[in-house]
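Consider the two complexes below, in which chain A is the common component and chain B and chain C are the respective partners.
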Partner chain A sequence: MDAILLQILNGLDKGSAYALIALGLTLIFGTLGVVNFAHGALFMIGAFCAVTLQRVLNLSFETIDETQKDFLGNPLKVKTPYVEAWFGPEAGAWIIDWAVPLALVIAIPIMLLVGYVMERGLIKHFYKRPHADQILVTFGLAIVMQEIVKYFFGANPIQTPPPDALNGVANVGMLIGMDIVYPVWRIVYFCFATLIIGGIFAFLQFTTFGMVVRAGMADRETVGLLGINIDRRFTIMFGIAAAVAGLAGVMYGPINPPNYHMGMDFLVLSFVVVVVGGMGSLPGAVLAGFLLGILESFASTTWATTTIPGINQIIIYLVAIIVLLTRPRGLMGRKGVMEE
Partner chain B sequence: MFGLDKKDKSLLAIVAILTLLAPFILNPFPTDSAMAQFNAGYPDLMQRFVIFGIFAVGFNILFGLTGYLSFGHAAFLGVGSYSAVWMFKLLSYNIIPAIILAVIIAGLFSLLIGFVSLRRSGIYFSILTLAFAQMSFALAYSVLSNPKFNLTNGETGLQVYNDDPQILQGANAPDLPHLFGLSMRSTYTMEIGPWAFDFNAGYYVCAVIMMVAFYLAIRIFRSPFGMMLRAVKSNQQRMNYTGLNTRPYTLAAFVISGMYAGLAGGLMAAMDPLAGAERMQWTASGEVVLMTILGGAGTLIGPVLGAGFIKYFENIFSKINDNVLHGWFAFLPDGLEDFVVTIIHPFVGKGWHLTLGLMFMMVVIFLPGGLVEGGQRLAAWVRGKRNKGKDKTTGKTEPAE
Partner chain C sequence: MTKSDVTRRGVLKSGAVAGAGVALPTIFTASSAAAYTNEPTGGSVTLGFNVPQTGPYADEGNDELLAQQLAVEHLNGEGDSGCLNTFTSKALKGNGILGKKVEFVTGDTQTKSDAARASAKSMIEKDGAIMINGGSSSGVAVAVQGLCQEAGVIFMAGLTHANDTTGKDKKANGFRHFFNAYMSGAALAPVLAAEMGKERRAYHLTADYNWGWTQEESIVASTEAMGWETVNTVKTPLASTDFSSYIAPVLNSGADVLVLNHYGGNMVNSLTNAIQFGLLDKVVNNKDFKIVVPLYSELMAAGAGENIKGVLGSMNWNWQLQDEGTKAFVKSFGEKYGKPPSNSAQTCYAQVLLYADACERAGTFNPCGVAEALEGFEFDGLGNGKTLYRADDHQCFKDVLVVRGALNPTNAYDTLEIVEVTPVEQVTYAPDHPMFAGGDLGKCNPGA
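Up next is the complex of A and B:
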């Protein structure tokens, strides 16, 4: 029982990342009808927002402390980060410690801007072109984004530690009288993902803007004929989808040190998630994200890997293939949407 | 001859001349001159040119004719490589059985994957092939390399060991891939003055096979079967309404292109008897997509051009470093020189992928027909100018390369 719960927990954090990326992909596909191969790159850019902030906060100046000597007898050079000088040592250290969560604040405007520019500058011109062209141009864009990040940050993974307070393990089983020890940050990630997903659904469900967007997803032309500038709203939705991917990336840094091609690794799986959930179905994407994440973690148990070696590597693809062949519209896809 | 019309015959002749004289064409600079690093005429790279040419030509039969965008073709290439190396391990280092088996196994494998994937079209097809390719990669990388059943040798890659059976290996046959005794590595270097030209046996085997493959591609393009595939691309629904089942045609195209990929994989193993899982990764499939689109999907010569272009830049462009750049711009004033070098630096050397990505995007956005369309437009533009009576043209009509 403990083991099962542990695997479910394990699946939840990976599933959260899948669900967030797949949600963004589905939003873009549902509104603009574009398959965005650059979505993984947006995830990666989010993660590097955190890296950048961490580096900026650690910028420091050197002072020579005459009272202390290093081992050669010279006066010791002390590095003080600017933030510590400005806000006082304690507050400064706290800010540096909380670099990753703080990066969320800068990531939101950056990702909205990136998404907006991407849609207006590039994708706008591809609505009338075949899907293959959309795939290709976003694929090219993903390569370009990756290479730019690689140029500035190098090819090696960069450690982005979580805040000390959230670094470590907690016994999450206590509430239900069991003994399950689990890293705190992963629980945070899951809660964060739930919040974002809830926020997006609430936004679409309970605001006028969201209502218009949903109407546009159902019938773009009619909404346009009613005198609503649906294109502008869809552009904003693209920005939001980019922001969701970016935020997922920011928070994923402490789980897996970001490197420039982390997006590509997630992208393929996110596509599979979208397809399993049903192209264009938001709840489907979220559900499939969590389901596949959990499935993957169950397949990684020693029992499963000794029975069928390497099953954890292929289980998601197997499921996707079976789903596509038996239920082409996906778990929660509407009938007739992209069933061709 | 060959059942081709005049235009195709000249196309085939151009490809034949280009491939057969490649050692000369690719080595235009004397060996000890400063430009020698732009020489691409060394055997390893020339082999890759033609092998990826075969791969791209095959991919183009599927994508260029039917419009089905597969993101999983590298899987067939990998399967071809693995089967070829197994043939080396079990039979002998002769490349003929290895290549034959590579084509057959890749064909069977693509039949299986194509049968499933082609039930869907459009994006779904792309994603399905992507999923299959990643699955094959995972299979090759970890699942099929456990101690009980080691088919792929996992991370190390499949290679030939001394204790392999090699039942047909003769006593004095070369200990490397060979064609009835002619080692694939044997190279004859011809030196004319300051120039040196390498004639490599492996390259010429690949080149001849590529010409055959190219010829077959021409025949497929011009056949009724090819017309049918084009009809599928332009309007599949209409084809269905006329009572025609398009699936066998698309499946045949898929299998043919899978066999081309297997052939390329087999040749790759024949040049270097090693097969690794990274050949099957989906980014490798992305590369062949890049080649085909860059050269011009749906045209005959395009994929070959694209493959050559990308492989040339991958190997040559990536060698340009800051010293070379400083050498080039030495004529500029100092400050300006540093500035120009700083600007160009991110795009060359290790950053050549950035250039590739940008170029690819430009091609998709502005030149959906690829380099071939670019060349045609340039030619039309020049011709138009000439017709207007402006006598300024210098006859620069070769494709943009």
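Up next is the complex of A and C:
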């Protein structure tokens, strides 16, 4: 029983990342009709916002310590971060320790800007082009973005640890009289994802802006005829989708150290999530994200891998095939989306 | 009226045959005058450095390239001569190789077998490279080694740890300086028994490709021989990024040791995930839970950060060794590039010098002469102490390092500490050992 609950937790946590990325993909597809293969790169850029802030906070000045030697036998250059010199060792260390959560603050404007520039500078020129063209150009853009990141940060993964207060494990089974320990940061990630997903749905459901966007997603021409500049709102939605991917990336850093390729690692899976959920369906993307996360977790258990060797590697694609055979529009897909 | 024998069908046939002949790659056909592939005729000789310049191992490839460039400088008599001063063979004079200036071209393996073969082929055919060196993957090493055998050039492997490189896939034109998975097991097992006891239950997570399988096989064999029990061996897809769903079952498996047969990004992520789940804080079977990473590299250790503290593993070489060869290389590399070299950099540096030295001793660039000079060659002064290039399988035999993630690092490079230098006798195996069975070295191919 412990093992089952642990895998469910694990699946929810994995599903959080899938759902957040798939949500952004669906927002872009639902509003602008663009299949954005650069969305994984936005997730990666978010993670590197945290890496950048961590590096900025660790900018240091050097002092020579004659008592210690470096690898060449010269006196050791000891580095002291400026923030520790300015705010005192304790306050400075606390600021550095909280680099990842603090990065959320800088990631929001950066990702909105990146999204805006991407949409206005490149993607808008491909609205009326076939989906194959959109896929090619956005995939190319993703490669360019990851090569830029690699140029500045290298190819090696970079550790972005969570704050000490949110590190370690918590006994989440205590509430139901069981012994189930789970990493605190992964619980934080799940809560954060739930909050963001809830926020996006609330924004679309309960604000006038959201109502217009939903109307535009349903019937773009009619909304345009009413004198509403739907294109401008859709551009803003692109920025919001980029910000969601970026924030998901920032918070993902402590789970797995960011590297320039991390966006591509998620991209294919996220597209499978979108297709299984139903192209253009926001609740479908979220549902499929969590569902596939849980299935993937169970497929990796010892029981599953010994019963059906290799099931852990194919489960998501197997489910996608079954869903598409039985429900060709996905779990919650609407009629008329990507259909001639 | 005369009847012509020339028919349309005949012309087409002849044309097709002639075309196919012309289209055959020149490296696979006999060239006219040269005695062997890419025989140097001018005042210089070209070496081909095939390393990952893009892809996930680009940083490691860059480190290899820096070391290869340093080796070329030293061969040409530039810089401080590095290990030319400590190498026991005194054939190298700092005047190039056999009096010819050493030049080099580079290729990008991308850590993909097909891309690595294409770049090596291009360097051999277009640039006239007479030797190929480098790489950070066993899949790449086996692929390029096969190509070099067909093309008739020497392959001096870079980082390749799978048993197969000098086992079932060994080739007469290929030579491996790096240690292998069997040696990791043979070196690690006694240290693990001494530190963790002989009654342990191990759970293996293994990267699902050739290298992972051979490492798992080697570590399972060596730890079971000491009395450990293997609870489970789980293969993880190479493309995995989040290993949490593989780590979670470990908690309920009854295992008290987790062995991560992962390398590169896989290792960084699986180790990070294992630490996140608090494995090292657990007590199972009345013993502290332990993690083992059988193959370490400095760059991966840096990527894993604080998570590697106290975690045991093995290495081919480390810059903290105190032999004269290591000190000379670290000084040259450190003063030129401002950082200590990685063990893959040291391997490539040593391989370039060993190739050049073999040419000098053989008095020729002919791959068969060079191979003969390398076979059974014993030397010292390049790091790792006394070393033998065994003739039977072209595997180097030398001391192996058991290392641990530094508990109190004092600087960015102080990520690993040496626990033991395992003597070469302990990691030596018979050429017909079952883990290396099935291959045939074959005959040296000079190409042309």
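In the analysis below, the second predicted complex is superposed on the first by the 321 of 340 C-alpha atoms of A that agree within 3 Å, B and C clash if a C-alpha of one lies under 4 Å from a C-alpha of the other, contacts with A are read in each partner's own complex, and residues count from 1 in each chain.
Going forward, a residue touches a chain if its C-beta (ideal position, glycine included) is under 8 Å from a C-beta of that chain, and two chains touch if they have at least 3 such contacts.
These numbers come from a predicted model, not from an experiment.
Residue contacts after overlaying the shared chain place A:Arg327 against neither chain B nor chain C.
Touch criterion met: A:Gln68 reaches chain C, while chain B stays clear of it.
Look at A:Met262: by the touch rule set out above, it reaches chain C but stays clear of chain B. Within the superposed three-chain model, A:Gln313 lies in touch with chain B and with chain C [touch as defined at top].
Of the two partner chains, chain B is the only one that A:Ile143 touches; chain C does not reach it. Of the two partner chains, chain B is the only one that A:Asp133 touches; chain C does not reach it.
The residues of chain A shared by its contacts with chain B and with chain C are 150, 313. Against chain B, the residues of chain A that register as touching in their complex are 35, 122, 125, 130-133, 135-137, 139-141, 143-144, 146-148, 150-151, 264, 268, 271-272, 275, 279, 308-311, 313-314, 317-318, 320-321, 324-325, 328, 338, 340. Against chain C, in their complex, chain A makes its touches with residues 2-3, 6-7, 10-11, 13-14, 68, 70-72, 76, 150, 154-159, 161, 168-169, 181-183, 185-186, 255-257, 259, 261-262, 265-266, 296-297, 299-302, 305, 312-313.
Chain C meets chain A in the complex at residues 54-59, 208, 232, 234-237, 239, 241-242, 244-246, 248-249, 251-253, 265, 268-269, 272-273, 276-278, 281, 299-300, 302-307, 319-320, 330-331, 334-335, 340, 410-411, 413.
The touching residues of chain B, counted against chain A in their complex, run 63, 67, 69, 116, 119-124, 126-128, 130-132, 134-135, 138-139, 141-144, 146, 282-283, 286, 289, 293, 346, 351, 353-354, 356-358, 360-361, 364-365, 368.
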